[in-house]
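Given below, in the form of structure tokens, are the structures.
The same subunit A turns up in both complexes below, where it pairs with subunit B and then with subunit C.
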Partner chain A sequence: MGIIGVIQFPGVNCEVETARSIRGLGYRAEVVRWNQSEGLLDRYAGFILPGGFSYQDRVRAGVIAAREPIVETLCEAAERGMPILGICNGAQILVEAGLVPGKTNRVEAALAPNRNGVRTGYSCQWVWLRADGSNSFLANTLTDGAVIPMPMAHAEGRFVSRDPAVFDEFAERGQIPLRYCEPDGTIATEWPSLPNGALQAAAAVSNPAGNVVAMMPHPERAAYLHQVPDWVPVWGDRKRALVNGDPTGLFEAGPGAKILEAFCLAVERGVQ
Partner chain B sequence: MIEIPLDISLALGEIEAVKKLLGREPSDVELQIFDVLWSEHCSYKSSKPLLKEHLPVTGPTVVQGPEEDAGILSFTEWQGVHYGVVIGHESHNHPSQILPVEGAATGIGGVVRDVICMGADLIGVLDPLRFGDPYGPNGEECVAIARGVVSGIAQYGNALGVPNLGGDLFFDGSFDKNCLVNVVALGLLECDRIVNSAVPKEAKSEPYVLVLVGKPTDSSGFGGATMASKVFGEDHEEGENRGAVQIPDPFLKRVLNVALREFYDRMDARRIPFGCKDLGAGGISCMASEIAERGGFGIELDLDAAPVAEDLPAHVLAVAETQERYGLAVPGRWADDVLKLFNEEFALPTIYRGARAAVIGRFVNDPVVRISHKGELVCDTTVAAITTGAVADRVEGVFAPKPYVRTLDTPFDPASALRSMLGSVNGASAEPIFRSYDTEVMGNAVVRPGEADAAVILPVHGCPVGLAVTVDGNPWYTDLEPHKGAALAVIEAARNLAAVGATPIGLTDCLNYGSPEDPVVYHQFAAGVRGIAEAASRIGLRDDPKYPIPVVSGNVSFYNQSENGGAVKPSPIIAMVGTIADASHATTLRLKDPGNALYLVGNRYDDLGGSLYDRVVRGGMGGNPPKIRYDEERALIHFVSRFVEEGLVRSAHDISRGGALMAMAEMVIAGDSHFAKRGLRADFAPLGEEIEYERTLFGESGGFLLEIEPDVEERFRERAHERRVALYRVAEVTGQDELTIEGPGLAPVSWRGEEMRTIHQSALAELFPGV
Partner chain C sequence: MSRKLSLLVWHRVEDLIATTAEETIRNRHEQGQKLETLAREEHWRFTFDGNAFPARLDDLVSRSRLFVNPNKHAFRIVDEPEDGRTHAGAIVRVRNREDIEGATAMHSLRALAGTGDLTDVVFETVWFLRLAPSVEPEDVASLVESFAVTHTRHDGLLVNPHFQDWSLTVVPGTQGARA
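What follows is the complex of A and B.
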């Protein structure tokens, strides 16, 4: 099967562990520098835009990287139906490039500064996500209503649009595959479960075709069991149970592996 | 050209010494270079002899001691590769007081360069911080500085992509005019791929050149080292020193670090020997002469070849501390390849104005330092002259114990005492601060800041050996007894590692004091160095006790003193790293299962001097900090780290700030009111009939609280008996979100978990609402 390209824009900083987590699932991944766009669509079968601070969030997070020539190639890939996953800063780039929500191929949404009534600015914390009627590749591994814990770390993660009603439409059309929720699956309405005030409690938004997904939380930071804090229900208990077992259990799949696996399966199946 | 005058702080006698060394009048550039090199910051002129005399720097865990930018400790072998942990420790106190955001950010920037230039990948940073009293006479200024510092750490560390693995925090009036911002950086490398800050010996037979890569040199940070070697005057806020603070650029640093990794890999793959040195204090001239000297060569430097942001006079160009720069010693025939890597493949000039790699000099066999600028030879001396260190004779004063003064007349009331401590800035949860830091990036986390007494990561993917790290130091102890306080910082660090099941492999120290010219301060410093050496030796390595815990790197920061604020409380800060064979056994302080027993491990003594209780509840000052009983401490620490490492302890917390009751409260607070309610029901009867509750509950004598499952208890007791460790089964884990205590002569008292949680969070949430 094809190789997954993890795009390294200047200033991103999660490319190494993102590629490592993909390899951990048994797939091939390579880190690709942003200025190596030649032959991209021939060599790679899917792309991940990892987290970080591309171009130091100058002007606005993701906006400069979204104007790099390689993004035009990514737009072509998206149109061909190739799977693309943007994580955190990668999500911001996809939104700034107009690839997500992608209704009109214009920039229709933004990732605005967090607003939660409690803390301002950057927050690094674990959140719960509920899989929700997705038309995207995430449905490859996540059934509706599944709840997965995952860390997030961002200052600008509030999905917004000039017309909030478009997010209601996105939700109806299955373009909000992941929503912040309480540990029991109830959609989050306040801090800390809703960390940033996103419309529809959106943690991820996809394009209408479902092959491009922009998500703010970091699946690669929850790809292995050792990464899960021991207070997280179910997964934390599993981690604790390792005490009497085999130390390689530390590297068993964590909750975020489901997201990455869903992407890899889409890559494996090829353009649909 | 911009006019910037010389900035000389050398004493007259020192200027004479320069003349003598050169055998003539120094040029402006030479004078400026010596000014930086002989500053306290660069030369360690007041501290070097003491450090050399006392600190243990060798042992079975040492790969490389304190010779270069950072020390290297043996971490583990995995799949045929010997991995080392690089550790560096720096202070950025003076800059942070003047420009908190930039000062703190460049503090991280500087120390991570020390680690990266050794060939390592960065794997973590920690930040011990000391701020002034937010509710004192300078409260507003102190809060603004504290917020700025946190913001600077967040901005730089988060963008750089390095996880924050902890820190420690004190607020005290002695830091009102001199905050302390220390930074610890950790890196990982393969021990057969260490990069040295030296021109390789191959330069004897083939020409080597010096490549400068990174940000274009500007005048920022000109005078930085000198500023850090002076007492703040009354008027420093007026901006006289602002230009001496460097400007941070984490974005460029990230790209540079990625590019450097590629550079190291390619050079190693081609088996080309090379050297790398970061640029810090003393800028280009310091870097160039050090990298030459270590290889036994000389350097001819052309300042006109250095990429600049503006046209600068030679004496500024030679020493400015512009951030985000590295120097590389590479064979001349590979120079074009190296430039292409940075300038074309990573496109430095395109993504950052003026940034690039350029050849700025060549190494020569003669041990000379020749610097030319605009066709003129502006410095012409020898490596020996430049690297001749300055030494300053300092006088050590006599220790004067402080009498105990109690300012509050409060009766013994544990119920309200605990609430006051939890809600005090020095007892509160630091979570509102570390939420602003990325603790997850790199994906190596096992135990995060706040979850236990030390952080644990898995730096080698696939390998179960955990790396644990902590930073400690208590200015209240050191203020009362400088020697004991410093020793206690080492012991507390070892305890924190033991609580997660790790055992120390080495430490670094950052020694923050006032002016060494003051005999009282110099005594505090000297006593601190001796205290660290004593504790490192007497605790020793667990698995090889004849060896001390080695001190592989460190930093001395003097002149943390201002004309109107006096000297800071002596602040030796210890960062300690340890290993745990199977990281899945690492414990956290969250209580696990109802029905388990909670043991108090270690005796309680009359140790309330310098305690949080004394400070917050009795308004006390002075008295005796915890007495050190080395035999007991060593047995306790090694016993606990072994038992946890074997996977036999369910939760663990060491007893430190706030004493045993505070530790119990923190274990309950670490739970929650939703998922699995956990609490403690304590009965102190096992401690005897006549219990002095004040010292039992609040004394800070070393010890631990360990949660043990019923079927492990017998083994636990037997093992403790063998090791002569005192144990008291003082509590049981319950299914209620509540802490309850009682005992002979003590009526039951209880605190609801949710209430404690709210109090514990609020003090710092108010001061740090986010960055």
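What follows is the complex of A and C.
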């Protein structure tokens, strides 16, 4: 199987744990610097844009990185059908580059500052996500209606568009593969279950072909059971049970592993 | 009757956000070499009744740390923000459609000022662009718009119209760098 390139823009800070989580699933991953653009499409079979604060979020989160030459390479990779996953700041870069939603070659959406009626600015918490009619590679491991917990941590994570109706279209076309929900799977409508006020409660948006996914929550921070807080239903219970038995079980797959494994399976299967 | 005051905040040390934006436009936009300088200010516009609020505003700005970091910012309080900064050829005002910063500032200031005089706070980021002398006056507006407004990854940088509103003012007599 090909190697997964985890792209390190200046200021991102999740590249190491993202690559480690991929390797933990048995796949190959390398951290790639943003200014290393030659031969990428020959060496790598898929790309992850990890979380962090590229260029210190100057002007708008992700917008400076979206102008880097390596993004043109990513666009070519996307056109070839190679899988690309943007996590948090990586999602912001994909949206500012116009790769997601990707209906046209234009920037069709934004990740606006959180709006939840409770607090402004940066917010981090665990949220519930529901897999929802995905046309994307996430369907490799997540069936429709599956509910998983995951941490989010951002200030600008509200998927919006000047024309909110386009998000209705995205939902109908399966381009919103993950939506914020209540623990029972009901789509979230208010804080804290809906942490940022995103249209269609979107936690992730894909391109029409489904090979590019931008998601705000952090699967690499939930890749192992030991990363899951005790109080998270089901997963926390499982962790506590393992602590009382074999502690090595703490390194069993957490809920975020499903997202990363879905991406790796897409890479393994080749272009979509 | 309602009155207004504006607080203008700028960096008295290097503004790295403006520097990064300037370098990105100059190096990534196909006409970026026509941008000579880019500067930035933050403008807060306060609407209020009575006299209690304006009498305390300077003190509130200095002490509250809501608007300025005294280590790097300077500020001025004026009746109206100025569009005539001599170095600018064009001014782009950017406002988030949902002005969370303004609403938050009003909430905080009302508590600090202990007065209900304050009725509205609006926050804007204001960009001042000076263009190369070669830019024809009739091209200034379209060029500045292409520098400022994000339609694709190849053009504007300062405004994402999916959540931000903007306005453009070409400063009379200062098109390009001719002033």
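Methods note: the second predicted complex is superposed on the first by the 272 of 272 C-alpha atoms of A that agree within 3 Å, B and C clash if a C-alpha of one lies under 4 Å from a C-alpha of the other, contacts with A are read in each partner's own complex, and residues count from 1 in each chain.
Just so it is clear, a contact is a pair of C-beta atoms (placed from the backbone, for glycine too) under 8 Å apart; a residue touches a chain by one contact, two chains touch by 3 or more.
Just so you know, these numbers come straight off a predicted model, no measurement behind them.
In the superposition on chain A, A:V71 contacts subunit C only, with no contact to subunit B. Judged by the touch definition given at the top, the superposed model places A:A257 against neither subunit B nor subunit C. Shared-chain residue A:A45: touches no atom of subunit B or subunit C. In the superposed pair of complexes, A:Y55 makes contact with subunit B and with subunit C alike.
Number of subunit A residues touched is higher for B, counting subunit B against subunit C. Using the contact criterion defined above for the overlaid structures, shared-chain residue A:L178 touches neither subunit B nor subunit C, since it reaches no partner. Touch criterion not met for A:V147: it reaches neither subunit B nor subunit C. Applying the stated contact rule after C-alpha superposition, one finds that A:L242 touches subunit B and leaves subunit C untouched. In the overlay built on the shared chain, the residue A:L129 is in contact with neither subunit B nor subunit C. In the superposed pair of complexes, A:V32 makes contact with neither subunit B nor subunit C. Once both structures are placed on chain A, subunit A residues 55-56, 120 are touched by subunit B and, in the other complex, by subunit C.
Note for the complex: subunit A touches subunit C at residues 55-56, 58-60, 63-64, 66-67, 71, 96-98, 105-110, 112-113, 115, 120, 158, 160-162. Residue ranges on subunit C touching subunit A, taken from their complex, read 16-17, 20-21, 24, 28, 96, 98, 100-101, 104, 150-153, 157-158, 160-164.
Across the interface of their complex, subunit B is touched by residues 8, 10-11, 13-14, 16-17, 20-21, 33, 35, 51-53, 55-57, 119-125, 151, 153, 183, 218, 220-221, 223-224, 226-227, 229-231, 233, 239-240, 242-245, 247-251 of subunit A.
For subunit B in complex with subunit A, the touching residues are 154, 158-161, 249-251, 254-255, 258, 345-347, 351, 432, 434-443, 445-446, 448, 451, 458, 461-462, 464, 582-585, 588, 590, 592, 647, 670-672, 674-676, 769-771.
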